[in-house]
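Look for chain A in each of the two complexes below; its partner is chain B in the first and chain C in the second.
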Partner chain A sequence: MTSSAIIKPQKPWQASPRQRMNSALIFVAAIATSYAVVAATPMKGKLAYAFVFFVAYTAFDFTVNFISRGFAVAKDAVARAVVVVGISVAVFPIISILATVVARGWRGIHLGLFTHDMALNSVTDPINQGGLLHALTGTAILVLVALIISVPLGILTAIYMTEIRGRFVRPIKFLVQAMSGVPSIVAGLFILSAVVYPITKGYSGFVGSLALSILMIPTVARTSEEVLLLIPNDLREAGVALGGTHWRTVAMVVVPAARSGLVTAMILGVARIAGETAPVLLLTGGGDKVNGDPFHGPMGSLPFYIWKSYAVGTPESITRAWAAILVLLVIVLVLFVSARLLSERRSST
Partner chain B sequence: MSQTLISAPESGIPVKREITTRPRRSDRVFRGVVTSGALSSLLILGLIFFFLAFQGYSVLRSQGIRFITGSNWQVVQDAAGNIDPKQTQFGIAAMLIGTLLCALIAIIVAVPISVLSALFLNFYAPPFFKKIMVAVVDLMAAFPSILFGLWGFFILMPTAEYWAKLIHHFLGFIPIFQVNPPIFTRSPFVAGLVLAVMIIPIITSVSREVFSQTPLDRIQAAYALGATRWSMIRAVVLPYGRSGIVGGAMLGLGRAMGETVAVYTVLNIVYQVNWHVLLGAGGNVASMILLKFGEAGPQEIKALMAAGLVLFLLTLLVNLAADLIVRRSGGKGR
Partner chain C sequence: MSDLNSENRSQGLVSSLGDVARRRFESKSAPTQVQGVGLEARGIHAWFGDRMVLEDMSLDFWSGTVTALIGPSGCGKSTFIRTLNRMHEFIPGAAMAGQVLLNGEDIYASGTDVTKIRLKIGMVFQKPNPFPSMTISENVLAGLKLAQLKVENKDDLLEECLERAGLWNEVKDRLGNYGGSLSGGQQQRLCIARSLAVRPEVLLMDEPCSALDPGSTLRIEETISHLASSMTIIIVTHNMQQAARVSDYTAFLLSEGGPGRMVEFGPTGEIFSRPKDIRTENYVTGRFG
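Entry: the complex of A and B
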């Protein structure tokens, strides 16, 4: 009768209450030490608290583990603490950046931002005058033209690497890699020397888009390649087995199957270039009026506007710069999240 | 035999198709189009080299090796306003040294943090937390560089100045940490920190990828032999991923050397050779190009094109090295 009692499943890998209490005690002791040390010594500031806390926590953790379970486990505990510090230091800037942009940019946001341009205002005017319309339309046009140029090239490169797998796969992989490392200012100088001086002899949105496509092609190509590699080979074999030629198989089977992934690649490419500043500074001329014609006249854009407002340096213009950064950041965030959602839906189905 | 062939279409039996391994015309066109599209990257890189070299050729020719070793940048005009080719000097050594200095600081700061982050993401983080963190780190890689520049200037600079003073106070006896005159703002140190923040996501994601390829049997073998998590990492993961870390660091180095706007925002660009990392004077080829471009005359623009060519070749070289190293790591043990 007593033997029929249900045996509880054991989880020996879980921390026992005693171990949990130990680690809580270590945590509390480390906090106490950090307060005590900061109060007792001339060190001050958040950095001092964090530093002393980390040192104290590591030391206590090491000692407790060393006494209870030996040197190897103690080393493991120290390593865990160090690794957690590593990821915290890596993530801290992003939190700081997001908080700063929202806190400082918020003051410059008003409805007129999206309906006015800066044709009648200068960046030193009070914040509620003028707006970003010229910059938003300019960025949209720049990105659109760059998309039209770079998406076909990027996707063709990816198809070459996954579907044709010719002789040049390795060199092209390297070239794409090298192209993604081309500094943005070099792309700007290249378009300047190859297109602006010999041919157009003036600023326009189109030449800016050319430089941006150089930066965008590698992102599109690499992401598309990854997506196409995920398409199961069965699909390709089925296409060929049904009598499809290579061309029909790729165009009617592989690419449609990878459609959402290819859209993700485009979105990531747009996110990459939307905030690119250096080539825009060199090439587009940055007008203050809404300019819908990419081939003629200077064209404003968000990065140019941010740059210009920041360079002027009055309180109003810097608030304008932060507001424009907030808008830019929201755009990048929306693009990034939608790319994530798209690729997530693909992997779950 | 010939009779059946001729009569076949009339009786409704289809003609036997010729069986061949030769690709059809549609396939040949397809292959041609895709291959030429893929070779566009070669074409673009080649054109970049050609046009920058073409524009910068006269300057490179007149300056010779001094363009890389000299550190004077002066345009001398005679009374009539013509440029005097004898005294005009273009040398980018000071800026090259500045570029390397900033990029090295960035690497020294970023690599340990990135490797630790990658280890955390792969071996310590709970699954849901890992997913969020990976997304956050990837998002950071997509931030525009001007954002890092402004953040570095307004937020990081005051803190970094304090750190710089601490370093100067405690380690000032080491020559590179000397600061004279005492200007701590806008130094290569601050620029290096901003660059480090920018390249941490890149190095983290490369190392994470390499670490995640560690053969599972080796990891489990290590655990089975009684390893703790840390001794497993030291015995299995780090040796396996070492060249991946180095390759990721090289990629980050390439990115750091070519960065323009963020460096321009935080660095006080002074045209001199400066090895003192905490002193508020330095330079970077890319930001120098942006700085001088505004008021440059035709001859100076050619010199800037030549500087762009040097920068292009430098990043190409670093990327080539990174590619070779990362590739070597991928082939091992799989």
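Entry: the complex of A and C
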């Protein structure tokens, strides 16, 4: 025990002060170069600074490493710089979108959003009047009906692919993959021509949910399939060896074992459709009043409200649109985080 | 000289496992009660695709005895044991020929309810596989739910099965915990208790201890000894010590390039002390395999 008091944990592989000094100098030099180059040439704007900075940083880093530690280390430094640029290009737009939504949306957020609809107000009214209630209930009903349709169908498809393993597994797998790339407007037009024109002849939430189900089923089926494939075959054999029929084994052993993963599949499916605009625009219309009946009359929804408010174009309506975007984004984010938490709990047990 | 030497060595080894078997025989509280033929395999052949993996296995398993199947990897032991409760047909491309008679009736006869067969012929697998979504007590009683059986008193059955599997004392205070919270050896005994709950006449064990530590193995061997008095037990094992410790009869299977065949069958003591076939002797003395 005495030795532990004397010997301290160290990290001999860390950069020495001199190396850190070099890195800092390279960084400062690159910034100075970017300012100088932008001032001296016709290039303008933040992008120009970023571009010149990255080029200069890579060049200095390469040179310094080449001189002090040789070509291999210098190549390594360049590769690292390129990777950092790649990550920045990928991440920057996402952060920018989130920041813009929050910055523009929060001014439109007030408690009335969740208690009032727009039946007595227009989107050009001052933003503290009216609210999102009709759009929130509409989206909730659309998603709920789509959930009721797609979750059983999606999970049964997955069960066919993993448990029954019939002759049509390959074509069905191919179809499910192809369907997950179907543009949402196609789903909307399909329901419009197959259901709305010949049968219902009018806007309703239900036909919107039908189109959303077309988009949701492949997501649920694929995620559920992956989850069911993780269930070890031992469990299926154990269930059958105990005198269970195939169906009872699947229902009582395999599906319960995959329960939390199937919930994740469901949530990912919801996240996929919550923001879909095109089918909603075509099929459910968009009332300004809370409509709790999915089978009759137009029904508001968040994407429709955003589209409509933005199209009007007054400062109030645009702020309303950003506020609705913020609400939608938060809903989707909450869904994704809960899906992640659920699947983590599954892997830890 | 060297020939003589190896002869002596082999004799020593043969007799040492033979001793284990004899000690077991002598230490048994009640002598093995052979209660008639429980399960008969008649001319079993098995294929995966076009490849024959098992040829002409005929073997009788008496009720109240433990039969061990030994042999090197790939000799068809597991395939054979899986034909005995119709688990073989779950592997794509599998085929078989022959008869398996349970109380005189062929379990492969057309019109047989395969789920009823598997109720009477239970199975314990190589890896412990308790159902992860179920608690300890739900695991034990899972067979009743799966097979839609009714029992008068579930608590009594639960205690009885866990008691027979040698697990009751360790889990009686935490029956509501999940099966996955137990250690590997406890999980395997839980799986044995689960098999017992549907009251099988025959219990097939496919290398039940190969994933377990020696302590757990010992507990399971004790469990097997307790169970043997009331049912037919067939155990596949790679561990010849284990075969000598737990079984009354031993069958030695071998694949010499082609499909697996039974080389020798007899009382365990004789297989390990006076094997008739030179290949059996070579295997039980550890000279190959």
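Methods note: the second predicted complex is superposed on the first by the 311 of 349 C-alpha atoms of A that agree within 3 Å, B and C clash if a C-alpha of one lies under 4 Å from a C-alpha of the other, contacts with A are read in each partner's own complex, and residues count from 1 in each chain.
One rule holds in what follows: a contact is a pair of C-beta atoms (placed from the backbone, for glycine too) under 8 Å apart; a residue touches a chain by one contact, two chains touch by 3 or more.
The model shown is predicted, which means the values in this text are computed figures rather than measured ones.
Enquirer: Counting only touches as set out at the top, which of chain B and chain C does A:E316 meet: first, second, both, neither?
Expert: Touch partners of A:E316: none, neither chain B nor chain C.
Enquirer: First (chain B), second (chain C), both or neither: which does A:E226 touch?
Expert: A:E226: touches no partner chain.
Enquirer: Would you check which partner chain A:D125 touches, where first means chain B only, second means chain C only, and both and neither mean what they say?
Expert: After superposition on chain A, A:D125 lies in contact with neither partner.
Enquirer: Quick one: is A:R259 in contact with chain B, with chain C, with both, or with neither? Answer first, second, both or neither.
Expert: Only chain C; A:R259 stays clear of chain B.
Enquirer: Answer with first, second, both or neither: which of chain B and chain C does A:E237 touch in the superposed model?
Expert: Only chain C is touched by A:E237; chain B is not.
Enquirer: Name the chain, either chain B or chain C, that contacts more residues of chain A.
Expert: Looking at chain B versus chain C, the one contacting more residues of chain A is B.
Enquirer: In the overlaid three-chain picture, which partner chain does A:I94 touch, first (chain B) or second (chain C), both, or neither?
Expert: It touches chain B, and chain C stays clear.
Enquirer: If we overlay the two complexes on their shared chain A, which of chain B and chain C does A:R80 touch? Say first, second, both or neither.
Expert: In the superposed model, A:R80 contacts chain B only, not chain C.
Enquirer: Quick check for you: in the superposed arrangement, does A:T245 touch first (chain B), second (chain C), both or neither?
Expert: both
Enquirer: On chain A, which stretch or stretches are contacted by chain B in one complex as well as by chain C in the other?
Expert: Residues 245, 248 of chain A touch both chain B and chain C.
Enquirer: List the residues on chain A that touch chain C in their complex, please.
Expert: 232, 234-235, 237-245, 248-249, 252-253, 256-257, 259, 349
Enquirer: Once bound in the complex, which stretches of chain B touch chain A?
Expert: 23-24, 26-27, 29-31, 33-35, 37-42, 44-45, 47-48, 51-52, 54-55, 112-117, 119-121, 124-125, 133, 135-140, 142-148, 150-151, 154-155, 159, 162, 197, 200, 204, 228-231, 233, 251, 254-255, 257-261, 265, 286, 289-290, 293, 304-305, 308, 311-312, 315-316, 318-320, 322-323
Enquirer: Quick one: which bits of chain C touch chain A in the complex? Just the residue numbers, please.
Expert: Chain C residues touching chain A: 85, 87, 90, 115-116, 118-119, 122-123, 125, 127, 129, 131-134, 142-143, 145-148, 178, 180, 191, 194-195, 198.
Enquirer: Mind listing the chain A positions that touch chain B in their complex?
Expert: For chain A paired with chain B, touching residues are 45, 47, 72-73, 75-76, 78-80, 82-87, 89-91, 93-94, 96-97, 100-101, 104, 152-153, 156-157, 159-161, 163-164, 166, 168, 171-172, 174-179, 181-187, 189-190, 192-194, 197, 214, 217-218, 221, 245-248, 250, 268, 271-272, 274-278, 281-282, 303, 306-307, 310, 321-322, 325, 328-329, 332-333, 336, 340.
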